[in-house]
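Working notes, structure below.
All chains are identified by letter, namely A, B, C and D, in their written order; residue positions are counted from 1 within each chain.
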Amino acid sequence: MAGTIAGQDRRKAFMLLSPAYLWLTVAVFLPLSAMAYFSFLSDVPFGGKDWHFTIANYRAFFETGTYATLMWKSLKLGLIVTAVSVVVGFPCAYVLAKVVKGRAREALFLLVILPFWSNSLVRIFSWAIVLRGNGVLDRAVNAVLPWDVKLNLMFSPTAIVIGLVHSYLPYVILTSYLALQAIDDSLIEAARSLGAKRRTILWRLILPLAAPGIIAGAVLIFVPVVGSFMEPRLLGGRLGTYYGTVIEDQFVAVFNWPLGAALSFILLAVVLAILAAASPMLKRAAT
Amino acid sequence: MSNRFLAHLGRAYLGLILFFLYAPILVMAAMSLNASEFYQLPFKFSGEWYDRLWNNREILAAAGRSIWIAVVVTVIATTLGTAASIALFRHDFPGKRILQALLFPPIAIPWLITGTAMLIFFFGIGIGRGTPAVIIGHVALALPYVIVVVSARLASFDRVLEEAARSLGASAWQVTRAVTVPWILPGIIAGGLFAFAVSFDQFVVSYFLSEPGDTTLPVLIYTSIRKGFTPEINAISTIIIAVSMGLMLLAARFTKFGGDR
Amino acid sequence: MAEVRVERLVKAYGAARALDEVTLDFPDGGFFGLLGPSGSGKTTLLRAIAGFVVPDTGRVFIGGAPVENVPVEHREIGMVFQNYALFPNMTVEENVAFGLVVRKTGAAETAKRVREALELVQLGHLATRKTHQLSGGQRQRVAMARAIVTRPRVLLLDEPLSALDKALRVDMQIELKRIQREVGITTIFVTHDQEEALTLSDRIGILKDGRLVRHGPPREVYDDPRDPFTAQFLGDANLIEGTPEPEGLRLSDGKLLPGLKGPTIAVRPESLRLDTTEPTAPFRLRARLQQRIFGGAMGTCIIDWQGRPLKAVGRDADFRGLPDAGDVWLSWPKESTIEFRANA
Amino acid sequence: MKRLLLTTALALTAGGAFAEEIRVLNWQGYGTDLDWAVAAFTEKTGNTVVHEYFTSEQEMLTKLRTNPGAYDVVLINSAYTAQAKDEGLIDAIDTSKITNFADLDPALTGNEDLNPGGQLSGVPWTWGLTSIAVNTADFAEMPTSLSVLWDPAWKGRVSIRDDGLEAVQFAAMATGQNINKITDMAAVEAKLKELLPQITTFWSSENDWNQFMSAGDFAVATYWSGSAARSLSKGLPIAFVVPEEGAIGWLDGLSIPTSSTHKDAAAAFINWMVDPEFYVKWDAEGAPVSSNTKALAALPETSFNRQLVADPATVARVQFMRPVSDADRETYLKLWQDLKAAQ
């Protein structure tokens, strides 16, 4: 008899939860399973093609150094972009959360996260206009400096990093800001009353307390950057071949979906391994 | 170094970041008013690209489709996400932690992988590419954002209010509607705005899932960038950024995103 | 209005039992106080009656009908929560009207009953206020009005006055009693404040570790607590232990208390008399006065008897003749001795 | 509104059929998507045209494979026609529906690459050259050799298309080989390895090319003859060069996908595309060489194409692209990918 109300309770939870999970099943879990299946095929199983099961797609990754090189290149890009975003974004979040007060803070905060609602592709393309040789940046620099400068940052890894940092910086600012704002000012005052220096307060108090926010932001940046292909293509020029662009090619041009699936799974495994290694910190971030 | 000096330094830094964030957007807007088709400098003012935009059926259709899809995605993702957040907040059951963790693959897996996986799956089961596939994908990507934002708001909700309402005879649905939802409404609105932004700006998943001739604006922009780009794209982007900023400012008046006290 | 009965209610959280075989009747129209230390299960019992807690086994009846499978919203109860749980997004009026609105009561009827309920709690003039603009006492009244406006069969109060300061609490006790009498509704309330329980209730129940240890009218329970825990929890009690002998209770100092069974008896502090000379009363002990505490009209003496502290309370005037410290005689009338049933 | 009604009425009567929307898959800015041409077609037949673009033949094939039913007309380089036919992506052409067919150059309609299995599967449309174009602001004297791509003086201002096959073919020409029968792959690889550091970025469309060229990013880049004509007419300071090593010749055909649901309208569109009326006007803006002999005859003497075709020395140097075997293509793509990845 006690079971009925508890049972109803469980049914209600189930009814509220099931649409979301059903959706994720159709949109994420089943597709990932389908992709796992595909990664072991020799060719796409439609259009009347011959196919059989094989592990050749995974072997391809290890047979030449090409894919591993690109994987490392993409991981490095992810790390650099994440690091730059955190180093640039955290002080910005700190100023917003702890220095600026009142309505100005609200307005500035909005300004920082507003680019979220503008198209990231267009922003990347804008960088192309800015960075291009004889483009806006070169002209601006030459207008200020008396001697002739040719920066021509376009089509270089630097251009890719600039574009990606620009795209993802608001994430780390947002998460750090929320974490910093939750730190009670009286804690900082208490530390100062105990004679702590600014630097000590930063390292011993603020950074540890804000770490969950910083890490959450870092994950939000690292994951998409490792898989990015559009930014390297548009800003990287001949240097714009990354792991993501190779996967894109398999799906869009070469039509070797099984190889693309296998390459995707290897990337997924690497990303999940990295997230797992960082999970003790992530757990703190989740709570 | 005095506190005041540091505060000034901080503000200057903030200004620098804002400049970094907005400079390319401004350049883009400026180029939509530049006469040269090839973004040549020096700048020569022209409203031609806006004129041409009004006659560009393809861009306008893609923009309309993007907005339409984003609205549908926002409604679905906000509804599902809010329901799930409330259930996770209200009920305790075995396996809750695992279920919660399962909500986040869309964030923890690069979009490239989710997008290509969806392409394979939808192709395999016959849905194929097209708007339904795009909507299914976008909702999945937006869900975690809605759940995070709504759950954060729910965390500050006193459950006794729900009990009070039930003791007064309100059914679970009435409790949700009259007490819980009004309280978390700012969270729902913020979550909805995120869902809209995720969908409207989503390129990767749309790129793999949208059907030729039926693409969303970001996909059209990407193909245009790679296959033939005119400043009409700058024009439409400028309009969109201006409109979305206006909407955001409006929304900001009603909800406080920064959690400002 | 209806009587409430719970039968052999059990609720366990892991190994701990919040309710352990509790059986209790709450008479129709009565004001029943549930009392106990924190963690004794009193709130769990109240929430089980309300329906927020689903008991593992046992039954709950309201108005004679079993309600274990009736969800909260259909139990026709009114409840006042510890911090009132007023809906922050609604005005006073809207809060009070909520129960009627969800029942789809007509607009005119709703308005009339809301007005009546607010009049009853004397808040008619604040109807359109937002709840965060109210003082603690006003909130408490709104919560009351909201709970009774639906004319529930039972009114459940969860520490309704604990959030108020002392002076206000006393006022509200009187107010609560008045409202309950006017409405005549079966009321069950939870408190850890024994004075409040004694003041308000016409019956009380005392819980310990999930078990109901004693229940009945307050005076009866106070005068005859039947077990040491009740005696000590409700009011104050000096416990005295000894060895039962055929002619009486033999204490550790060799003294015999004739006619008492033991092994434990209790004496209320206010029943103890202190003298410097040996009194004639049959129950008297030699002890040592350790400290006299001045408390205005009333005073308290801390006494050491056989290494065990005892307490005596009386008018300050009664203690005037005593030294600040030193040997004294304790005595009490035979009829003030509390004997426990367990001894029988 | 009145005009709209009128055109609709006209369209309905003129076309004699219900107006259909056909989808064309082509390179961006390559003839089929000219505003006036599409408008004229709609006026003639009542059918409307929507475009979709690709940036490589590989992508074009994959788009056909993964979007059945999405396209009605597709432009396929004759080197790829057989592959598309083999995969069942395109149908044989019903030449009776193309009234201008009789005027097409029989050498082209009979081209064996367009007739896999002896069935015409792509209507020859245009042909042209892939060679190099230079920025005349940088070159006082026109280069005569492909080696200009490897010239250290232009390091960082060279561009080619991101296409494995084409890259390999250019390297083959530069090493004096036949592009259709490459024997010394090691030389090709070494040559490409040398070329990559020269490159600033890859171009992927005519529009792209124009933007980079006008921004000064390119000094010398591979280019298509038809596109060069168009860029010239838009006023870009460039010159199209056929170096002594030769140029890649290509023949583009228009095909109808098997999955098309508007085959009659598609045929009508192809017919319009080989119509002299269309071609003469297109050539004025810059176009490749038409397959229609009447159309070519109607060109003015000064036409870029007339001059190009007129020089027998140039024509002799052209190596026409032939279909590539699957194995060779895989080798080329792999080589190209590995070289790019190593950058």
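Observations on the model:
By definition in this document, contacts are C-beta pairs under 8 Å (C-beta built on N, C-alpha and C of every residue); 3 or more make two chains touch, one makes a residue touch a chain.
Quick caveat: nothing in here was measured; it's all calculated off a predicted structure.
The interface holding more C-beta pairs in contact, when A-D is weighed against A-B, is A-B. The most distant chain from chain C is D, comparing centres defined as mean Cα coordinates.
Distances from each chain's CA mean to the overall CA mean are smallest for chain B. Centre-to-centre separation of chain B and chain D, using mean CA positions: 39 Å. With each centre defined as the average position of its C-alpha atoms, the distance from chain A to chain B rounds to 15 Å.
Each chain gets a centre from the mean of its Cα atoms; for chain C and chain D, those two points are 93 Å apart.
Residue numbers of chain B whose C-beta contacts span two or more other chains: 39, 123, 172, 226, 229. Of all residues in chain D, those that touch two or more other chains are 66, 215. Shown for chain C are the residues that touch two or more other chains, namely 51, 71. Within the complex formed with chain C, the chain B residues making contact are 158, 160-161, 163-172, 174, 178-179, 182-183. Residues 36-40, 58, 123, 129, 211-213, 223, 226-230 of chain B touch chain D in their complex. Contact residues of chain A toward chain B in the complex are 9-10, 12-13, 16-17, 19-21, 23-24, 26-35, 38, 46, 88-89, 91-92, 94-96, 99-100, 105-106, 108-123, 125-127, 129-130, 132, 134-136, 139, 166, 169-170, 173, 177-178, 181, 219-220, 223-224, 226-230, 233-234, 244, 247-248, 251, 257, 260-261, 264, 267-268, 271-272, 275. Residue ranges of chain D in contact with chain A, taken from their complex: 56, 58-59, 61-62, 65-66, 87-88, 196, 199-202, 215-217, 333, 337-338, 340-343.
Across the complex, chain B meets chain A through its residues 6-7, 10-11, 13-14, 17-18, 20-25, 27-28, 31, 39, 41, 76, 79-81, 83-84, 86-88, 90-91, 93, 99, 102-103, 105-114, 116-124, 136-137, 139-140, 143, 147, 172, 193, 196-197, 200-201, 203-204, 207-208, 217-218, 221-222, 225-226, 229, 233-234, 237, 240-241, 244-245, 247-249, 252, 256-260.
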